[in-house]
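Should a chain be cited, it is by its letter among A, B, C, D, E and F, assigned in written order, with residues numbered from 1 in that chain.
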């Protein structure tokens, strides 16, 4: 064994307080036979975005932000440092073939699930296009699926105008029979951010929609709790799909489609906490963060904070 | 007619979803005899700012942000794509003669109003100095005028120290007899942002002042509604003058005079919605946005969102 | 005396409105025998930060932001232009010897206090490491001291891993007998921002802790008032120690340790106003602002606004 | 006709000096039957880049930079304001189907050439992937083609690893029989920027290579002139393909693959001037500029300056 | 006298090496009767720029950059720390009246010269518009004046289109009889940066023009020396007017009108050195630096380096 | 072994061209008994900088830039992919104790050398303060040492004013008897960048100095070659110490002490190539790069290019 006094060739030389556990220290690369509470998988696909997006850099930037957080919650007076998190790495996407990339994501999520290594999973996009293959794979593995989608947009564009983009995942899922409209809840939909035709399409499909006004009126936690209760009667598992542009541009400046009038970061975190503790919630994706457009990684940092709310629920 | 398969020489090649109408698609350049619901005029004057400001770039950046919004409101379940908006372009200001530029603005607003082409108008500044000639022109055309001013500042500086600047419009209007103090309402005035002398001046002139504390206490919508009711008894038309620095620096980082403790973007949008639906409200200006200081056009984007609340009221 | 028509060789040529007093105009460099209401001292030490920080630039950037504010409060209908503020300048820190720098701060604060020139004092950091020598010096001068600390973090790290850093001031103070844990109140402590060991340490020492949840639940002003009342029974003076990272990253983007889910700038300002008016409150420090990471000096501007709430209390 | 005093609704209100002609004023959108000296076509494709690139924004940013230049050359004592330039607009690329986009480019270039509207053409990329369909189309229209390529890289990657990317255009052209290696000249190839295998591939294909050392030694203008003379014996037309990363990162900071040790902007401009005046040179593309990574549009500005050297040759 | 151990209330606490003299330490504010070798005057006028410019901030940023330089030249083996430099401060310009501001500059320069306090002077713009009143004042004081102008542009625009702007100073001077065209030398004029009409105007007026090609061909130092010799036969004093946009955009990225193909910073510095040592050279202005557009104050730093070449000539 | 189709949990999913070897792929973490041609060690110390510097981030950013380069040189027609490079990681510095950090560096370099694992070494700073312990350690290990220092500054400040900083390494080395002045060559020293006292000190110590003028006059390669020949008669090994601020600010914008008038990046690279091929040259350090101040990692990229010139010499 190499023994130097002040360096370890294979490890970064960051300052270490012996009493502090950073969340990133709890992630270990998955290897055969490993078991953990939560699995993390990166889905760095963003060429499917209608506008050019570097959201493919988000898995890296979100993971890096985990080092800004400790494993201890004063609120619950619990140190979660023994919650093991397995990192499955990132899916290798194809430089020019989008459909191939989408299929690689579906296959990879399935392969991950087949290992039965974890109880719950976090998928790091990428753009919202990744939710189509990801949710499909979860459905294939677990059975009937319900989805709660945080988003300013319906994401049910037609497929003729541009193929499968970040504007189409929920249409692809519903048209393909992978998700029933009745089992999709959309939270945070905004005025002047969607087309009438797509609004009507979601309504016809039976999707449940909550706007910003609804959130202001009722509170986001009560909405989440009510819908989880309802959904859980009809589905085997529930998947949270979090498009960060549901958050106001002041709190999430790094989303490709930023805008005013969204939810606050506090509303985001408390609603994810509320959802994550439900027993049927097995997965969460975090999408539409473009680190190259962000300010001081604020949006990746918010996403990392959201991961903690999902991971540390007991 | 030229027919290429994949290009149109006179049009941008942006992605187009056939079911989506973006707000910018509803703007048409004014031509003789045209009629529309709302007229838009750019007033790119900012050399009148005490501090150097590029708010003269704001008409362009705000218009560009309209392409981030669709014409559909889920809240009102209405698609406003048939509301025609006429763009009168930008007034050509003089490079070095400020008084000439101010006069050109007054003349141009009057010429626009004389066409009787629209029911309501949006004026895009520029700095707050543009409100003096603009409100004057509206008064000359329509008669007795009332003004609701969103602003952290009174804007009634003396004229001797620097001529007509962005700090003087309401003094110029009151001194010139174009606006009675009784018919001016100021919303969002902040502590430590004004001088005692000017505070007293506005009081003496009969101006009604609402501070941030008043807004927190009473709510901004009730204040707006109450004042519209009151004002409408005394005036022929009401003009909204929106200095974006009324908004907190976290939500409007692109104002020259940013500061903490302002209103939120949600308060801005809801109060403009409340005001715009009143029958006597005929015009709104949006001023003091410097795109060169902004982050990701957040402030121009907020201004564009404010335009929608003004344009789409039915 | 030199008399030029349009210039004064020793003064900046900024625009001046004769009726406006900017706060910076009320600061005068301390000279022997001078007296004022508030003393200001810069403590530009940031090499004690665990991560590299340019918070040593903050005394300059905060002072510069004072020129963005006037001395007039509409709320209290008072012009504070006659409140004299004495600027004691900045302590010269050592380029490479941290312990020497800390000692220089302690000595300098004491020397300042010994002059008895002011009733109350503002200390501009620098990182939070400056609070150790500063609070020590206040205790040495005034007697028994109580501290209200706005912070996301406990700041009671062990000293073995890195010496006296910005993570250790309150441990140094309590271990050194300069501050009793019972007399320390921590406001705004966040989940996943501290280690279990340090949480327990503060509890054992008798420190009173208020989390973000407590603030949401009870309101920050009532908490402050209650604790001031309680503390004032046991101590001679009260010192406010304001780590700006207590504020949410959207409102204070220039802190080294930004994060989501903190208090708003309005909560910060109102809580400082509430505290500053208490008779035993004699000092406030403002720390952990790194101007090189800020956006448009928003965080320094917020700090300057906080200074006004402390200075202008009558 | 509408007549306002100071505004024209359909035109920007920029300052105009009556004696100055800006280059952008000489561009007119192509319409049926129009004729001009130079045709300009935008090819905004960059999803074919191996790394994410916003070079699809370059056609717009380069065109915008034309307004920074006048039509007058003091060196030649000539005002080129009567050289008519036809703008064919931008090809509409597909959001997710790369091969479709490449084919659209080939078709669009051919359709443009079929009009016989201009003598010479400028193609604005986009990434270097656009040169494959563009050069193919020129070959199909004009016959035997020679290419001078300014580039730090050979661009002959294998197609199996990632399909047709910005790393493959010249392999695609040679493999497809659209360009003989003997008729390809590469200028500015850099050490440690290419793989041995690809270096050998170009050698075997008969490609002529000039490195930075060759340029330092011989001078870039003499090299260009010599190769033009040689090439013109074997081909019908010559196409200039200018990858801006041939320029040193200090002079072209907006290229995706910036690096030290490239040519200066002066070398770029003089070599393009030298090439453009040759009779067989019919086209030039300008690729690999990502405006989102640039500083003050310096790289687009350099590209616009390069356009002038190509357009104004007499 | 106040005596603190580690602070001086009226002085910054920067690190000081006892053996180093920084150039800024040699500047003293002018007071009645003071004498020095060089006088410095700030002319912060930039609203006369055709495009919005913050070059009014340049006097401050250039002065600040003087602290990056010492007074010692190894080349001449001389320490210039005893060369006294008097700082006359900045002229107070008017916020809205341009002609008034121009007149204030003329008067202030004259008032400065009348004191006979220095042998030579540096004028810090501001935009190039300041050279009109400045050169006029020098002519009024000293008699017949010759000017060497470093510039990419002729700056002889007509006055009808926009009044006296940064595009007109040399026309104003020649038309007003303050400068003979024969006594004006322009260095660094660029292709595609000027209009034919203005090129012809300068020729007719007898102005001597050197282009970039001339500089490459002959070398900039020989040109300067030749022209100084020639000029000195006809004029009483020589004034250097340095528009920083003569420098290539890679070396001077902070000019409003940046462009490729200019001179290098080394050419700038050596040519100013060459000029400054001539006995009839009495003044230099440095204009067209906008610190808000610069990168790390590189352009101000270059300007400060140019100041040293002018100040330290012996 | 885990087998997924499209992901490897422990490896990044970047695009890989099977025929390309990137330089970073040739680095392997040192483990006991490993042997390589070149050893790399990170020395992330920058709190010793007089001004605050994040040059401690440079080891990471320079290593990251290695992925921008391949192992193939066309000039030498050689693929260096089999040159093994051992990465010894980064020395863990102390957060607050500078002397301890300096000693840790000395010990770590010695420990590295004791392994006899490599023939030559690259040390990645950090600020120039690291050269004191690093050169000392090399001397202790190898015997008599000669140094060629690329630098705008002499770096021989007195130690009383600030302790051992980045301004003192060569004084510490000479005073401590670790380096004879006769065996130190300084290349690129600039006017107005040093104090007279320190200039004289180096002269007295027998240091050989080459200024920018010398380089312009003689050429940098001939100087290097001449001095290597001379030095090699007197010393056992030669150490290259490269302070990147020797390079002009246009080419190395990320140095803390940027300035105009330095050498070009081409001069840097060719001079390092010339030096590295000498048999007695055993080590090179690269210091004074602050990635937080850089533009697009241009300066780290230049440093990585310099590493290649050192590593690949055969």
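FYI, a residue touches a chain if its C-beta (ideal position, glycine included) is under 8 Å from a C-beta of that chain, and two chains touch if they have at least 3 such contacts.
Not measured: the values here are computed from a predicted model.
If you compare C-F with A-F, the chain pair joined by more contacting C-beta pairs is A-F. Equivalent interface to A-B within the set B-E, A-D or D-E: D-E (over half of contact pairs identical by residue number).
Annotation: 38 Å between the Cα-based centres of subunit D and subunit F. Between subunit A and subunit E the centroid-to-centroid distance comes to 57 Å (mean Cα coordinates, whole Å). Centre to centre, using the average C-alpha position, subunit C and subunit E are separated by 43 Å. The set of subunit C residues that touch two or more partner chains comprises 15, 50, 95, 162, 250, 295.
Considering their complex, residues 50-51, 157-158, 160-162, 167, 189-199, 209, 211, 213, 248-250, 253, 257-261, 293, 295 of subunit F touch subunit E.
Only residues 46-48, 50, 52-54, 56-57, 94-99, 162-165, 292 of subunit A touch subunit D when the two sit together in their complex.
Subunit A contributes residues 15-21, 23, 68-77, 79, 250-251, 265-266, 269, 295-296, 298, 301-302, 305, 308 to its touches with subunit C in the complex.
Contact residues on subunit B toward subunit D in their complex (touch as defined above): 1-2, 4-13, 15, 29-32, 41-42, 44, 86-93, 95, 104, 107-108, 111-112.
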